[in-house]
Amino acid sequence: MKTAVYRRARFNAAHRLHNPVLSDEENAKLFGKCNNAHYHGHNYVLIVKVVGELDPVTGFVVDLKWLKELIKEHVTDRFDHKNLNLDTEEFKEVNPTAENIAKVCYQILRKHVGQELELQVRLFETENNYVEYPA
Amino acid sequence: MKTAVYRRARFNAAHRLHNPVLSDEENAKLFGKCNNAHYHGHNYVLIVKVVGELDPVTGFVVDLKWLKELIKEHVTDRFDHKNLNLDTEEFKEVNPTAENIAKVCYQILRKHVGQELELQVRLFETENNYVEYPA
Amino acid sequence: MKTAVYRRARFNAAHRLHNPVLSDEENAKLFGKCNNAHYHGHNYVLIVKVVGELDPVTGFVVDLKWLKELIKEHVTDRFDHKNLNLDTEEFKEVNPTAENIAKVCYQILRKHVGQELELQVRLFETENNYVEYPA
Amino acid sequence: MKTAVYRRARFNAAHRLHNPVLSDEENAKLFGKCNNAHYHGHNYVLIVKVVGELDPVTGFVVDLKWLKELIKEHVTDRFDHKNLNLDTEEFKEVNPTAENIAKVCYQILRKHVGQELELQVRLFETENNYVEYPA
Amino acid sequence: MKTAVYRRARFNAAHRLHNPVLSDEENAKLFGKCNNAHYHGHNYVLIVKVVGELDPVTGFVVDLKWLKELIKEHVTDRFDHKNLNLDTEEFKEVNPTAENIAKVCYQILRKHVGQELELQVRLFETENNYVEYPA
Amino acid sequence: MKTAVYRRARFNAAHRLHNPVLSDEENAKLFGKCNNAHYHGHNYVLIVKVVGELDPVTGFVVDLKWLKELIKEHVTDRFDHKNLNLDTEEFKEVNPTAENIAKVCYQILRKHVGQELELQVRLFETENNYVEYPA
């Protein structure tokens, strides 16, 4: 049987929900106050789950210090204190909904986590709203 | 791969654990102080999980504002500040254990969430006790 | 300079807000859904603060095991899984608002905590509403 | 002895730390990544404390439903999903540090809370940073 | 469809990460400050998940009071206020990583939970690091 | 009116409650399982409060990045992943109760925080037990 390990990280960013292929009216209708042209922001909480076999020598699935640094280098240093729509390549053309942010975080991390390991991310946008990818 | 979205809601209610087909002695033995004839109560926390495909236009699985309103209209407005045993149809003949409350919340919401979407509810009765349906 | 120690405890109870000297209409108007005749309930969280001098031998203000037992014996065993309006002497004629519950908890504990020690209680009714006595 | 009541509320906003009387270099040096020209954001948590005498008829210091609505009308509806620097009058010329946001929330609410009541606000910018005004 | 019930418990223990088959240098390199010869410690949070069919008479999967006592008798009384490396049989030759502690808790509880029930444990070592067995 | 700022930090350490001037029997009686000769441990949470005047240029009481680094350099780097009784000068002859740890943290930080600023520390030993110095 496999074991899962989880690491929690945080980043604070501004965003607006906006799909440039839609009209302003459609964006306003779909996204309401989340479409505010001047942006709003969140304290995002990211939880990264890695599933694999226990290494009998270390007693680790993966070294959580390594996972902590991986998340810092590739995700939180990239997004923390940024405007997701303006300051990042990832959301120039992708609407930064919690769902899409989780998917992007997954895709970034997937390249750096060995293929023998399963990966999943959970992203909290608020204490009441959160998402998971893949489900 | 699919994405999961979660919405947290809360309601405060009174209940007692009691199965009317059992004798008072059996109820007292099975349910202990939770069988108190005058009721006790909880701050229930309900987390609703919906799993589906990401809509490429909105970047949503479902609009979380819609899910928030759905939970409010069909669950929390129905149960908040109520006595579950006395004030609700659902628990007139169903023992309001956390397990049964979760199942009832699921059954209520299932009718309003499209069949292409998976649904699961988690219900916290206390910070130490919680349940999930379906598992 | 003095030191404060805090102990957190919890109890789950039913109540309704109702002042028997008022008419039903006045109670309904003042207390809204909290006046529901069949009661509702909460997971109350009680935090007891004791302030005093550090004992140089033990390094304690008071033994927190003693404080834990004191709260259990005099407060949480008394109120847990009870209907505050029906099952307790304290709230037979006192409206069990969070403010009054905190004050009653303070008055109960005050008798058992040495007069050289300051005492204060904080009571959470929900994650968004809490009170403190004395302020 | 008086009683304190507390109400917690939340709002999500974008901001940047920037004092327009300083040069860009000075702003960058003083505020670091919080000075990002494109803004970042937070899930602010606001806790409002009101201290007064218990009303013997209601068992309330103030009606927490009233306090909830007051905070919503005057604070969270004003700041939620806004860019504090661009979308609000209060922070056009005031640097939106947590300290200043707390002070502004206090000043707004102070006008609507009776002078016989003491008022204090606590504002969480992150789970690790928070402020209180007045201390 | 089955239902899951969860029970949360806590224990405070000292440990060090150390594999006696490795040299001191290798242990220091692998485990860093977690290898401190004098130990450090944690407030471990254990969440036990049991999945099964709802009993139509009780409305329970299993009685959570029974599960609470089971965890106390077999896990938290065994590990609380202990040095995992020195005071327990389980970790005399097993490196007490969070992964291994979770696995040991699972193996202990598995013997006492009926085979018709699925079992899983989650163990928090810190608010940012946690593991789950089986995944 | 002054403003308070708070910074939260964490460290994980082993300790035992033991006063070397007392006999083993007295220590065992006073401190119970906390006296375990092989130590146990905690995830300590430290909250540092600084009270002062708002700087009109920065909108800060003190720069929270500075306070974060100060706590890291002088407190958490010193105590994290340590055995407080064996690895630290501060608790060689001082019983590491939560009260004494809070007082030591205060005394360490007091030297580095300007005398025009008030200082207070709160230390959580568990989610249910915490202390504050000075009260």
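Each chain gets a letter, A, B, C, D, E and F, in the order it is written, and its residues are counted from 1.
Note that a contact is a pair of C-beta atoms (placed from the backbone, for glycine too) under 8 Å apart; a residue touches a chain by one contact, two chains touch by 3 or more.
Since the model is a prediction, treat every value here as computed from it, not as a measurement.
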{"item": "Partner chains shared by chain D and chain E (touch criterion as defined above)", "value": "A, F"}
{"item": "Fewest touching-chain hops separating chain D from chain F", "value": "1"}
{"item": "Relative to chain C, chain with the most remote C-alpha centre", "value": "A"}
{"item": "Selected pair, greater C-beta contact count between C-D and E-F", "value": "E-F"}
{"item": "Farthest-lying chain, centroid of Cα atoms versus that of chain F", "value": "B"}
{"item": "Distance between the centres, which are taken as Cα means, of chain D and chain B, whole angstrom", "value": "34"}
{"item": "For chain C paired with chain F, centre-to-centre distance based on mean C-alpha positions, whole Å", "value": "28"}
{"item": "Residues of chain A touching at least two other chains", "value": "127"}
{"item": "All chain pairs that touch each other", "value": "A-B, A-D, A-E, B-C, B-E, C-D, C-F, D-F, E-F"}
{"item": "Parts of chain E lying in touch with chain B, wherever the complex brings them together", "value": "1-9, 51, 54, 57-61, 63-65, 68, 118"}
{"item": "Complex contacts: residues of chain E adjacent to chain A", "value": "17, 19, 21-22, 30, 32, 94-100, 102-103, 127-135"}
{"item": "Chain E residues within the chain F interface of the complex", "value": "10, 12-15, 33-34, 36, 38-43, 80-83, 86-87, 126-127"}
